[in-house]
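There are structures below to look over.
After this come two complexes, each holding chain A, first together with chain B and then together with chain C.
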Partner chain A sequence: MSYPVWTVPVAAVVLMSFTATAAVLDAVLDSARRGGGWRERVGRPVWEAARLLRQRRRTTVAPDALLWRLGTSGPLVVALLMAVVIPLGGRAVTDPVVGVVWFNAFDVALWLLWWCAGWGANSVYGLVGGYRFVAQALAYELPLMFALTAPAVAAGSLRLSEVVAAQDRVWFVVWAPVAFLVFLLAVTGFSVWGPLSYPAGWDVAAGVLAEPSGVDRLLLLTGRYALLAAGAGMATALFLGGGAGPLLPGWLWSGLKILAVLAVLVAMRRRLPILRADRVMKRAWLVLLPLTLVQLLVVSVLTYGGS
Partner chain B sequence: MRLVAFLALSLAAVGAGIAVFVVDSMARATVALAASFVAVGAVILLLDAPYLGVITILMMLMEMAVMVVFMIMYMMNPAGLMPMSMVHNKRGARAISIGMFGLLAAGVVMTPWPQRRGRVPADPTHALGEAIMGSKMLVMIAVSAVLFATIVSALVLATGRGRYDPPEPAAPTGEAGS
Partner chain C sequence: MVVDGWLDRLAARRPHVLLAITPGATAARLATEDALVDVGAVVTASPADADVLVVVGYPGEEMADAIGDVWRQLPGPRVRTQVVDPAAAGAAIRAAVAGLSGGGQRAEALRRHDEWRTGADHRNDGDPDESPGHRGHAEHGGHGESMPMPGGLMMAERADDRDGLKLDVLEVTLGPVLADWPAGLVVTAAVQGDVVRKVDARVVGAESTAVPSFWDGADGRRRAAAHLDSLARLLAVVGWPAMAQRVRVVRDAALGAGPVSDVRSRLAVVDRRLRRSRTLRWATDGLGVLTPQMARRLDVTGPAARAADDGGDVTARWRCWLTDADAVLAGRDPGPAVGPRGRGRGDRTASAALLDAACRLMVGLDLAAARIVLASFDPDPDEIAVAVPRRVED
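Coming up: the complex of A and B.
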């Protein structure tokens, strides 16, 4: 089921409120800068946004401005495009027959966008960061694709409403826990977050985040939180039964589950070490990929074994 | 409405395709090519083939992201800081491209296109899967296992140790909790 066209801005507002929640939660958890109590930290994203809006754009020598703007604004646009298929309480703005592939296609678009964000600045740190993202993406993308395949196979459909409906008895996280964890890891990967924030690592002066300033930086940082929010929304729909739950209405259950997943994702930032791309590559291809394939086999047998 | 969308997307595809050869930077050329492919994928969406359309966009974006790495690696002047041309062997290229265009256009005009039989199925993705995979599932399964083994073994051979790693004699142990 879909909502009419005018709900597109509503979906954007919903996504942005989850994004703001993620930013506030991240500020509260930021133990490195304990300037004041948690009350001061709650307001930090607001002050930071205001500061970046007022900040004059710094620029570099001979940047590729077109690709740079594309890269800095792209992640937020991708998150918004992902959000239109994410069901909230069983309904989304649109419910294409290939909803799962839609999400996948836009997370692949981030390969070029993050790379452009690094390349455009014409600075060595950004450049290194951009290339690091592509290397890291090569590692997490295939496990992510197989992790997305597991709920689709279990539901026998790529349509997200049918994937949610197929979980009326058992949530897919029960059958596919490995796929769920791999999916969360991949979300941190395409959001350049936590263990997979190597493209923005401090060893290269924040990499892709080194040069963007002013409103560009605001868009890029917002896009990062928005990608986390969209990933949490997708995890809820694919693995946690969407809006299923007792007593409360569906949309509220969806919202609560998304908030819970989002909190886990945000908290990962300071709980896990940052992994180097070559190590991620090796573990992803030699361990995660076979694991997700076995997971897919288990799900297939559980789904179609009886019939 | 569909006609307008088709015209806009076709013009975008052709325009971005022309841009590939006009710009003076490898990075911009690759992004322009990606934009052109995305427009083509959107045209496929107009044909009521959502899976093919979205998967085209997905694959092409991924390919362009990989390609940009190699193209910049191989070109002497990647960033476009100095003038460079995307066009080489102009006379031969012109003859080949005009000939190819003529061939394809003749194909479009002269092919006796079949009339549509039946109607669009409720789930075109499912029908597509049946058509491609239905009778060849065993072959596909065998080939995919071989392909997968090839990819993993090629990677094992290709990934040397990182710069800061000591040589590692044994296979990776179970420390993969990432």
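Coming up: the complex of A and C.
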């Protein structure tokens, strides 16, 4: 079921609330500031945003301005486009027949966008960061695609409302735990976050984040949190039964589950060191990919074996 | 105006700071790091993200030039300050943060004529001698027949790569202003893609480099702190900032006046966590192997030489730091040494040998791995008084 067109801005507001929550969560979990109380931390995203709004928009010498702007604003746009198909309490802004593919198509678009964000600045560090993203994407994208396939196969549909409805008895996370974990890892991958923030590595002066400043940087950083939020929303719909739950209304259940997943994603940042693409590529292709394929087989047998 | 003042106040609560550290200013650096935490500032990795540039120590002429280049890349509002006396760090940082708001910024913004601004409008007006590299010193001259390109930049040249292809060679200068990087070190690397083919390292001196290294001496706590300082830098470069921060806290405890048993128990927690981390081992295992023979040949002493007997990779070196730090805190001496990095041989300081070894092992690695290898040796530029150029080719 879909809402009318005017709900598009509402969906955007909802996504941005989750985005802000992610930023606040990250600040709260930061252990770096000694003696900083709760108020010190909760307000941090506000101060960071104020700082970037006030900062001048710097460029570099001979940048590729068009691609650079595309790269810095793109991740936020992609997150918003992902959000329109994510159901909240059983209903989304739109519910296309190919909802799962819609999500997948936009996460692939991020290959180009992150690369542009690095390339456009005409700086060595940005360029290295952009190519690091491509290398990293080669490692996570195929496992992600098979992880997305698992719930679609189990539900026998690519329409998200039907995927959610198919989980009325058992959530797909029970049948497909590997796919769920791979999906979460891939979300941090396309959000350039935590263990998969190799493209924004400190060793190359923050890589894709090395050159953007002012409002460009604000858009890019907001886009990063928004991607995490959209990923958490999708994980809830695909694996955690969407708005299913006792007593509380569906939209509230969806919201709570999204928050829980988001908290896990944000917390991953401080738990692990960066997984460098050159080191994890082999593991991604030789371990993760076969695992997701076996997972897909298990789901297929469970779904169609009985009938 | 009202909105401006309001934004100013909010923004000033979390200033981002870029540190330009000169050799011989370790005490001032530690005081600065401490002062930054007090005002709620965060250290950043790139000038584009910085509001405040803090010059730590007295830079020499070449370093000052590089700092000037970096300063021109701060977007603004921006403030520049200098910390020389560790005792004055707090006041200097507070004054700098206060300077971020107010009318002075507006006036400064109007006076600015940055190359990156004109570069966008008149692409061919750029003067090749003034092209800013990202870290200041991009030496674009001396490339033979390279053709000038828009913005005064030069085109890359080509050379055979390791797979028998012909690829662009780009000369990248790392340092002297770079986060978690040995103070004043400049590494000029020829890279193909992101594979390092040639390394040329030197230390850009401070105004005076006659002072002995901050870390030298017989004090066990200070030696332990030196290892933890190195370890924190390595962890930051590996990409585990939260853990690097925890190690810095233990380092500060070692330098403080608290009981040794307390420092040791904190160290034990970090030690356990690091040794158990499988993902950290993925990042450092088998990387930059220094064999015992090579260690002897290059006069490497200290923890790096001991680690050579234990596998000799980056993992062995950070484990050796942990072991040594605990040993010196417990009052045991893990091996004869003058400073925490060894004693050197003849005129050659321990750090000079470490830098030499690191440069040799960096060749053939990609940028990320090369930086990790360098960080795992962590030569102390305070020990390398004279700039000795060394060149290593593939």
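Heads up, the rule we're going with is that the second predicted complex is superposed on the first by the 304 of 307 C-alpha atoms of A that agree within 3 Å, B and C clash if a C-alpha of one lies under 4 Å from a C-alpha of the other, contacts with A are read in each partner's own complex, and residues count from 1 in each chain.
One rule holds for everything that comes next: contacts are C-beta pairs under 8 Å (C-beta built on N, C-alpha and C of every residue); 3 or more make two chains touch, one makes a residue touch a chain.
The model shown is predicted, which means the values in this text are computed figures rather than measured ones.
Enquirer: Looking at A:P195, would you say it contacts chain B, chain C, both, or neither? Reply first, second, both or neither.
Expert: In the superposed model, A:P195 contacts both chain B and chain C.
Enquirer: Should A:R270 be classified as contacting the first partner (chain B), the second (chain C), both, or neither?
Expert: Second partner only.
Enquirer: Once chain A of both complexes is superposed, is A:A205 in touch with chain B (first), chain C (second), both, or neither?
Expert: second
Enquirer: Counting only touches as set out at the top, which of chain B and chain C does A:R39 meet: first, second, both, neither?
Expert: The answer is neither, since A:R39 touches no partner chain.
Enquirer: Check whether A:V280 is in contact with chain B, with chain C, with both or with neither, and answer first, second, both or neither.
Expert: Once the two structures are laid over each other on A, A:V280 reaches both partners.
Enquirer: So, A:P63: does it touch chain B (first), chain C (second), both, or neither?
Expert: A:P63 contacts chain C only, not chain B.
Enquirer: Looking at the overlay, does A:L53 come into contact with chain B only (first), chain C only (second), both, or neither?
Expert: Once the two structures are laid over each other on A, A:L53 reaches chain C alone.
Enquirer: Based on the superposed arrangement, let me know which partner A:R169 touches: chain B (first), chain C (second), both, or neither?
Expert: neither
Enquirer: Once the shared chain is lined up, is A:Y131 touching chain B (first), chain C (second), both, or neither of them?
Expert: both
Enquirer: More chain A residues touched by chain B or by chain C?
Expert: With both complexes superposed on chain A, more residues of chain A are touched by C.
Enquirer: Which positions of chain A sit in both the chain B and the chain C interface?
Expert: Shared contact residues on chain A (touching chain B in one complex, chain C in the other): 62, 122, 131, 195, 272, 275-276, 278-280, 283.
Enquirer: Can you name the residues of chain B that touch chain A in the complex?
Expert: 25, 27-28, 31, 34, 50-51, 54-55, 57-58, 61-62, 64-66, 68-69, 79-81, 123-125, 148, 152, 155-156, 159, 162, 172, 174-176, 178
Enquirer: Give every residue of chain C touching chain A within the complex, in rising order.
Expert: Touching chain A: residues 7-8, 10-11, 13-16, 37, 40, 42, 44-46, 48-49, 51, 73, 75-77, 109, 115-117, 119-120, 123, 126, 131-132, 134-135, 149-153, 170, 172, 178-180, 193-194, 235-243, 245-246, 249, 277, 279-280, 282-283, 366-369, 371-372 of chain C.
Enquirer: Where on chain A is chain B touching in the complex?
Expert: It comes out as residues 62, 64, 66-67, 70, 96-98, 101-102, 104-105, 108-109, 111-112, 115-116, 119, 122, 131, 134, 137-138, 141, 157-158, 185, 195, 272, 275-276, 278-283, 285-290, 293.
Enquirer: Given the complex with chain C, which residues does chain A contribute to the contact?
Expert: Residues in contact with chain C: 31-34, 36, 40, 43-44, 46-48, 50-51, 53-63, 65, 122-125, 128, 131-132, 195, 197-198, 201-206, 209-214, 217, 269-276, 278-280, 283.
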